[in-house]
Amino acid sequence: MENEESITDRQVSRRAILGAGAAAGLVTMMPTEGYAAGFSKAANVKGTISALFMKQAGYSDTDVAKMTADFKKVYPNVTVKTEFVAYEALHDKIVTSALAHTYDVVLIDVIWPAEFGSKKMVVDITNRWPASWTNDMLGGAVATAVYNKHYYGIPWILDTKYFFYNTEHMAKAKVDEASLDTWDGVMKAASAIKKAGLVKYPLAWSWTQSESMLCDYMQLLGAFGGQFLDASGKPAFNKGGGVQALEFMRKSIVDGLTDPVSTATAAEDDVRKMFSAGQISMGLNWTYMWAMANDPKQSKVAGKMKVLQTPAGPGGKRPGINGSMALSMSSGTKNPEAAWAYMSFLTSQKEQNAVAMDSLPVWKSSYTDPVVVKTSPAVVAQAKKELNDMILRPQVTKYNAMSLVIQAEVSKALIGQKTPQKALDDAATKAAAVLNA
Amino acid sequence: MIEEKRNVLERFKSSGRFRGEGILAFALILPSLLVVGWIILYPILRTFWMSFFDIESPLPGSYPFVGLHNYFAAFKSSDFRMVTEHSLYFTFVSTFFELTLGILIALLLNSPLKFRGFWRSIVVIPWALPTIVNGALWKWIYNGNYGVLNELLHVFHLGGQGHNWLGSPFEALNMVIIADIWKNTSLVVFFILAGLQTIPSDLYEAAKVDGSTPIKSFWNITIPLLVPSIMVVVILRTIDAFKVFDIIYIMTKGGPASGTQTISFYTYQQTFSNEYFGYGSALAYLIVIFTLVIAWFYIKLLRQGTLEGVS
Amino acid sequence: MKPSRAYTIFIHVAAVLMGVVILGPFLWLFISSISPAKELISVPFHWFPSHPTISRFKDIFLQSANGENVSANFRVSMVNSFIVATGTTFISILVGSLGAYAFARLKFRFRRTMLFGFLSVYMLPPIVLVIPLYLIIANMGLLDTKLGLIITYCSLITPFTLWTMSNYFRTLPADLEEAARVDGCSRLGAFFRIVIPLSKPGLFASALFAFLLAWDEFLFALIFTSTTNSKTIPVAIAEFAGKYSSDYGLVCAGGVLAALPPVILALIFQKNIVGGLTAGSVKG
């Protein structure tokens, strides 16, 4: 790849563009892969496309606007309309708009390629996928848009849940920060903090009945050595590590270490806010939390926090949940060339590196790139470890239906309506019914 | 003079100038038919058609015809039974309290209060608050950590801090119902007030002369005469309660432990999240049927077919 | 006869209690909207912010709307909501009144069946309609437009205005129109010259209902809109109360503003609600 020198190139070229819009700068910005090898070819791509994104703190509306402006400089004849909806509305928006061909490019979550791909709602882009990408991207990223060995999108957002903790609380409760390397240590630390009376509940999670709860569960399932589906595709989370993970979650509530608000309405952003207010001492969250919780303007714990790779379970395993997202081409697009140009531009390493502060790139070499590392050294150091080992939610066409029945049962176990084993057995029966239907 | 006109009118009515009303009626209704019909009719029929197929994608294609299978599947599903129970509970409890409180408040606003206009204006406010804002507001009030409800109870020594009002399934459903009651009781008040104003006051005078107490008069005069208003408002509220979606979407998303999943929210999830379009269409029609059955039940119960022009 | 003193005290205490229960949550919405984000989640609890701020309102009104600014987007959404609700109200009242008059005064076949048909549209859960309707709106090129929403809302709200107006017309004595007609007025002439002027309370009340229904609508707006071009205020608020962003203060500030137009309208026309809307629906 072209990382080291091209980054400096980019710096120069961006300045040139900002200054005079010099065509020379534009050329150096072009991705060098074969699919769009020159400026003249870029000028041939014409038309108007519209793209659907989500509102988030990672790649924010502003970041997308900036990337789109860069795109416009390289592809002057393509007009891009961007639209943003909440994550909760994203899937349903893609579904309702499919027949009307509203969007050319859509952002899809890692759990949707099977559904959208098998129903031909997004285009199979396997023949456009350069072989080099498979090596140049991190494995977890590549897996984002794969279903049945076909590619249904270009990975764009690479994310997993990291472990954040309040260093001040640890010091006051005399907890050795090294002990936070395992979940066992985390629970001991939580007890110590509670005993020291620093906070009422040292932990909070995104355990409202939703996909975010399942993300936390899956990450723990991985740590406890569980399996979600077995090799034949049948639910296996009701055995071994899967059950231990849920027992662990429930126990943390019973022991008074997890704020019970977690199971009521709390999602990721509630965890961030409680952490930022110094009200909890530890929590799992996506990358975006680092910048916000470390910002003195909106956080009381800025400068008093650290981020770690997700803690290990009893067997030493510690995969992070794969929470990545990809840009896909909507099957209704009438302008696949422009759509492809836009997708591949936004996912290109240069564009991603430029906003690495908000969301880490999908490209391997970016993580050794000093410019990227400099944006947030603390996160990048942990990301290098955690992104190598990620747990993928099953790529099945009925993922959503399966997830909904599991969420309901896990929720019952967390509030104590059922034992973890019973809840997961029921969930397995229902999930199997969904998968076989 | 007036008598004379009446006579002319009688002759006039039989004279034939009233014929051809059908055409005029059609002409007057046509705009409504156009506005409502052309955009509603196709979706209604299309959804009905879809409910007999096993459709799992929004894209056109050939999908297997399954007859009534989607309807049977709903009745066999334990989830469907659960969400129906939640919806029925939501509907009956919210309607019951809205009606009771609504009648009490209407009586209060009909009594010789000072600044009656002021009190009546206050009642309008919750009704005018958009449902989404209402949901967000109550979610914030109920918040376990920063919510004002916990603090209020704490100040009055009525409860411990940090209680999660939306933390357990049944409690959460009731708390959502309270938010709904807070907003929608106003509507009942308007209807009942209007009904109260049509009751002639000499009825009460006469009852008093006969030795009736105010409470007796309330049961013997007010309530029977309010039955038509009650029925209209109960049917309206039932229809709305069965459709309830927004407040669940904003407050709980159906959790915890699916405790606040209502039939409309479940239908939405099955249709859009799971892409079970055939099943979702069948569910939607079941909602319509349930609503009609409940409306019919009320009409029977109140034994007065006075839903204007319908029954 | 004067009511007893105890009774007078009782009803006033009850009224005050009612006022507190109704205004309390509303007041909390307002207080939260002027509390700085840090104070909203501070322990111990703040009943009133020690540093009240109107910065959120300032942001909403003064920041430039470039599509990326949440605060300014609230403002744009308010304008969208206002246009959509006003347009819907106007059309549905105009169209609904004409039809309502036919149902109230004319005799024709299938009258009841038709009225019931209109009413049952109101009973339909939006979920029945949303996907096919999406396709219709998309084919007309009206996705993500205010016009698309107006058309959709009109078709849902017209049955309601038709019903309420028809009820109101029935409460008016028929003699007046008939007298006018004897004097040579046509049916329509009598409708416009006699019935409409007499129906102002009913019209205001129905219009208020139509406006509130349109202002409140969520599901269709959620599915049909996607940019600030047409997003209405409930969608903007729901979006901001989503997974990755939930500054409750800003949600509350948006809520206060979203509540203002309907609350003000409802207060202005408060007297008509009781007299105009419902009188008809309960009388034969």
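As written, the chain order gives the labels A, B and C, with residue 1 at the start of each chain.
As a convention for this text, a residue touches a chain if its C-beta (ideal position, glycine included) is under 8 Å from a C-beta of that chain, and two chains touch if they have at least 3 such contacts.
Remember, it's a predicted structure, so these values are computed and weren't measured experimentally.
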Furthest chain, CA centroid comparison against chain C: A
Result of counting contacting C-beta pairs for B-C and A-C, higher pair: B-C
Cα-centroid distance, chain A relative to chain C, in whole angstrom: 39
Chain centre separation (chain B, chain C; CA means) in Å: 15
Residues within chain B bordering two or more other chains: 58, 139, 145
Multi-partner residues of chain C (each touching 2 or more other chains): 41, 130-131, 238
Residues of chain A whose C-beta touches two or more other chains: 88, 92, 96, 99, 210, 274, 279
Residues of chain A touching chain B in the complex: 88, 91-92, 95-96, 98-99, 115, 119-121, 200, 208-210, 259-261, 263-265, 274, 279, 331, 398, 400-401, 404-405, 407-408, 411-412, 414-415, 417
Chain A partner contacts - residues on chain C that touch it in the complex: 37-38, 41-43, 67-68, 130-131, 134-135, 138-139, 143-144, 222-223, 226-227, 238-239, 242-246
Residues on chain A engaged by chain C in the complex (per definition of touch): 52, 55-57, 60-62, 65, 81, 83-89, 92-93, 96-97, 99-102, 210, 212, 267-270, 273-274, 277, 279, 288, 298, 300
Complex interface listing, chain B residues touching chain C: 5, 8-9, 12, 21-22, 24-26, 28-29, 31-33, 35-36, 39-40, 42-44, 46-47, 58, 105, 108, 111-114, 117, 119-133, 136-141, 145-146, 148, 151, 182, 190-191, 193-195, 197-198, 228-229, 232, 239, 242-243, 245-246, 249-250, 264, 267-268, 271, 277, 280-281, 283-285, 287-288, 291-292, 295, 306, 308-310
Chain C - residues contacting chain B, complex: 3, 8, 11-12, 14-15, 18-19, 21-23, 25-26, 28-29, 32, 40-41, 45, 47, 91-92, 94-96, 98-99, 101-103, 106-109, 111-112, 114-116, 118-133, 136, 151-152, 154-156, 158-159, 162-163, 166-167, 170, 178-179, 181-182, 187, 212, 215-216, 218-219, 233-234, 237-238, 241, 248, 251-252, 254-255, 258-259, 262-263, 265-267, 270-271, 273-275, 277-284
